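In the two complexes that follow, chain A is the common piece, with chain B as its partner first and chain C second.
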Partner chain A sequence: MAAIDQNTVRKDLRDFIIENFMVGSENETLHDNDSFMERGIVDSTGVLELTSFVEEKYAFTIEDDEMLPENLDSIDNLVKFIQKKLN
Partner chain B sequence: MKVYDILERAARQFPDRTAVVHQERRIDFAGLYSCYRQAVHSLEKSGLNAGDRVGLLWENSIEYIYLFFAIQRAGFVVVPVDTSLKPDKISFIMNDCSARTLVCQGKFKRYLSAILENCTTIEYLFSDADFSGIKEGIRADRLSISPGDSNAAPVDDYLKSIDPENAPHVLTAIFYTSGSTGIPKGVMLSHRNLVSNTIATVEYLKLSEIDSVIVILPFYYIYGNSLLLTHVACGGCLVLDNRFMYPEVILDTMEKEKVTGFSGVPSNFMILLNKSSFPNRRLESLRYFTQAGGAMAPEVVRKLIETFPGKETYIMYGQTEAAPRATYCPPERLREKLGTIGIPVPGVDIKIMDDDGNEVPTGQSGEIVIIGPNVMMGYWNQPDEEASVLRDGKLFSGDLARKDDDGFIFIIGRKKEIIKVGGNRVSAKEVEERILENEAVSEAAVYGVGDELLGEAIKATIVLKPGHSSDQRQIQRFCRERLAEHKIPKYIEFSAELPKYQSGKVNKLALAKKS
Partner chain C sequence: MPFNKDSLKIDAAKETDRLCEAIVRQTRKFMKKGAVVGISGGIDSSVVVALCARALGPQRVLGIMMPESESSSESESLARKLGDKFGFETMKEVLTDALSGAGCYQKRNEAIKSVFPEFDDSWSCKITIPSNILEKETFNFFTLTIAKGGESKSKRMPPAAYLQVVAASNYKQRIRMTTLYYHAEKRNWLVAGTGNKDEHEQGFFVKYGDGGADIKPIAHLFKIQVYQIAEYLGIPQEIIKRTPTTDTYSAEVTQEEFFYGLDFYRMDMLWHALELNVPVDEAARVLGLTPEQVGRAYSNIKRKIDATEYLRMHPLMADE
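And then the complex of A and B:
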């Protein structure tokens, strides 16, 4: 699989998160290393929505044992995880 | 006997037992008691008057637990606040109950200015962070507490010495509920409400000091609060983990800490059963599951008990207004009574009544009416709402049900969730249960929408399981095989998720408004 453009991935993820989980809070800053869990941005059903988006967008499957904070809990972690999966 | 006596007695009886585990932190009852005493001392110096309302905005943690008790011990009324609310909603709650103090965790600093901007009553902040100067006219004290030695003396005959009859019917806590109308309602609970329900729950769950429960439910939610009180009361251990969005992490914690109990709402069980390694875990130490917070489809209950046949599964029913537990199903009767919410908890009576307040014969449907020491004092400052549910000390739940010959109760719908379709009354729950039997369906919400011809038509919003597909015609065909024609949803939409209240219940009001 060709290397992905990190900036595009970051933008896609950021747009999705802001549009789906931060409605009404768009003015709040979301840093790439912010924990979704700590910030209370995504809940247990939201994380399923997020993983469905990633699976569809990047055409891979996220296994149950990959549903971990180190893979999914910030934009930085997601970018690293997506890169790892695509490589 | 007051709510804080639950902690004081546990500290005397079980000083060396672990009371709380929160990731790498753990504290025994002596340490918890010491923190509590220090917090009481600080709060007593605050200058507040007895009975003043104190907001508690703190996520599940060791601090939440001792502060919850300390606020009450200092003579104030604790108002646990939903940490996921937007600042304007928190301001609304603080203003509604005229809270003069907010006990606020430092991590909520980013929202605090916005909360205080619209608060008209808050004069004093108490926090683990420095909030001095945050707003003119507001005094801020910093919480500085560390575990030390407890001087609590042991008591004999521990649990028997807790007598709910001696618990005064005096306001000690206000829990705000989302309410189906959209405006939060403050449920006023007394020492007697909370103590009696705690002891009843300890009894039917057979809890003792060897029990430990994984706590994924927030303490500001009455079901989470019940976990807190019951496990402190029995000298058990609360294993806190606020990371349910990553179920594998929770399952690892359960195994590592050898918990004996798991308590969740339906969506917790659906996620565990469908999107985690839960069915393959051995969970050897686990003794029981409890489920409350809305009806769980019989198919899901069946899957849970078939996946874990050796564990006790307690299906329970209640509401904040009942402090909260009203019924439970003894696990040994669950298979034969699938779909039931069980029998009344010890000390509580349940009657099924018609619209005139008369008890209906066995088998006939009516409203669940709860009678007992757990019935709330009322709604804070909402006398009309209160009068509509509290009559002669009886709590009219708004849930429709019938009792079978053995006294087991089966909910057939919510009073306000009856959809009137062309003169026919249709229970939304019944239609949801049939749709959920479709193997492609993960979740379903059925509700009424305006219809020119029928007055009200049935609409279903459906979440499909990953990898499955379906369409309106397929679902209608499926329903048609199982339901009378007037019960077939006229409109069906598919969605990635259902909007939910913090409690996990589906927010059908939001769905109906969107339609």
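And then the complex of A and C:
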């Protein structure tokens, strides 16, 4: 990832997910490859919040046909997607 | 019985008798004397009011039409036709002023204007979800469409706008619930809800809105089973043939477009297959789909059920 450090992106995404979708989650772990859908962390409203966050933070538009689990449904997937969009 | 195309066929006569017995039993259990039903001219409310009239006697049933400024004009005439056919009293309560007073339209339009600044009363609006759930594993996100004349514009909704549009629109269902309970309590009758299984279990209802009722006679029936009961009861064909809509937004939006993303036959059959743990290959063979399509549908249905569990829960006490 040329312009953005991958570790920083992971931390920013993790912080956002935990702060916004995992209330009172001090004793929970979130692995980078955990599916948000399978863990019940993000619902249809949450997806809109997540995409808004990513679009604003990384200054690109997520098209409707990119609203896919392979792009958005885990920290790992998000990092890969952000890297692809920025490169 | 192995899963097949007729797996959701029911004995409509037998089920009708069973539902009528339940309505009587539950009315007695609550020590009420009749039933009030919100009728929209749609298939579900038509079946529920007809069942109540059959079970309790039409003199103990009141069907209330509750239009507002954005309601379909067809709804009232169909609802009155139903009252004429089954002999129960009908009444109309126009809710426009109540909704305006609560700020329903103003709050909703404010949110829409944050997405489309040009929006005003000359435009109609609707919200839809992706319709290709069999073809792509996709998140259920919401798109706002405004239309005027031959022009329409669509945009994925930012979360704040989406939440405000839904919260404001939900005034409609909640004020309808309030109206139903006024009339029910005035008579010492109960409120019969009109949600079917698709709505109840996938969360296509408003908590304490159309979800607020004393009994829910058809909440266990798949939509395609509601149609079977409707045919048996002799619900007018214009109602049976009518496409189910939300009748919530100023632009007509079907229930498929707004929430389900799939036609009712395939939705119900796929969901029933999921309930029976039918392997994807077998469900695919029966329904003429690919295993991948069945897998996507299973996943979509499960997500909706899980995400809307809170709608079906009673208020939690401290120890829960």
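Convention: the second predicted complex is superposed on the first by the 84 of 87 C-alpha atoms of A that agree within 3 Å, B and C clash if a C-alpha of one lies under 4 Å from a C-alpha of the other, contacts with A are read in each partner's own complex, and residues count from 1 in each chain.
Definition applied: contacts are C-beta pairs under 8 Å (C-beta built on N, C-alpha and C of every residue); 3 or more make two chains touch, one makes a residue touch a chain.
Every value quoted in this text rests on a predicted model; they were computed, and no experiment measured them.
Taken together through their common chain A, the two structures put chain B and chain C in a clash. Of the two partner chains placed around the shared chain by superposition, neither chain B nor chain C is touched by A:N87. In the superposition on chain A, A:E49 contacts both chain B and chain C. In the superposed model, A:G40 makes contact with both chain B and chain C. In the superposed pair of complexes, A:L72 makes contact with chain B and with chain C alike. Chain A has more of its residues touched by B than by the other of chain B and chain C.
Put simply, of the chain B stretches 26-34, 44-52, 98-106 or 116-124, the part that bumps into chain C is 26-34. When the two complexes are superposed on chain A, the residues of chain A that touch both chain B and chain C are 37, 40, 43-45, 47-49, 52, 64, 67-69, 72-73. By the touch rule above, chain B contacts chain A in their complex via residues 83-84, 86, 107, 110, 242-249, 267-268, 271, 275-277, 466, 496-498, 500. Chain A makes touch with chain B in their complex at residues 24-25, 28, 36-38, 40, 42-49, 52, 64-65, 67-69, 72-73.
On chain A, the positions that touch chain C within their shared complex are 37, 40, 43-45, 47-49, 51-52, 64, 67-70, 72-73. On the side of chain C, the complex with chain A involves touching residues 129-130, 136-143, 156-159, 162-163, 303, 306-307.
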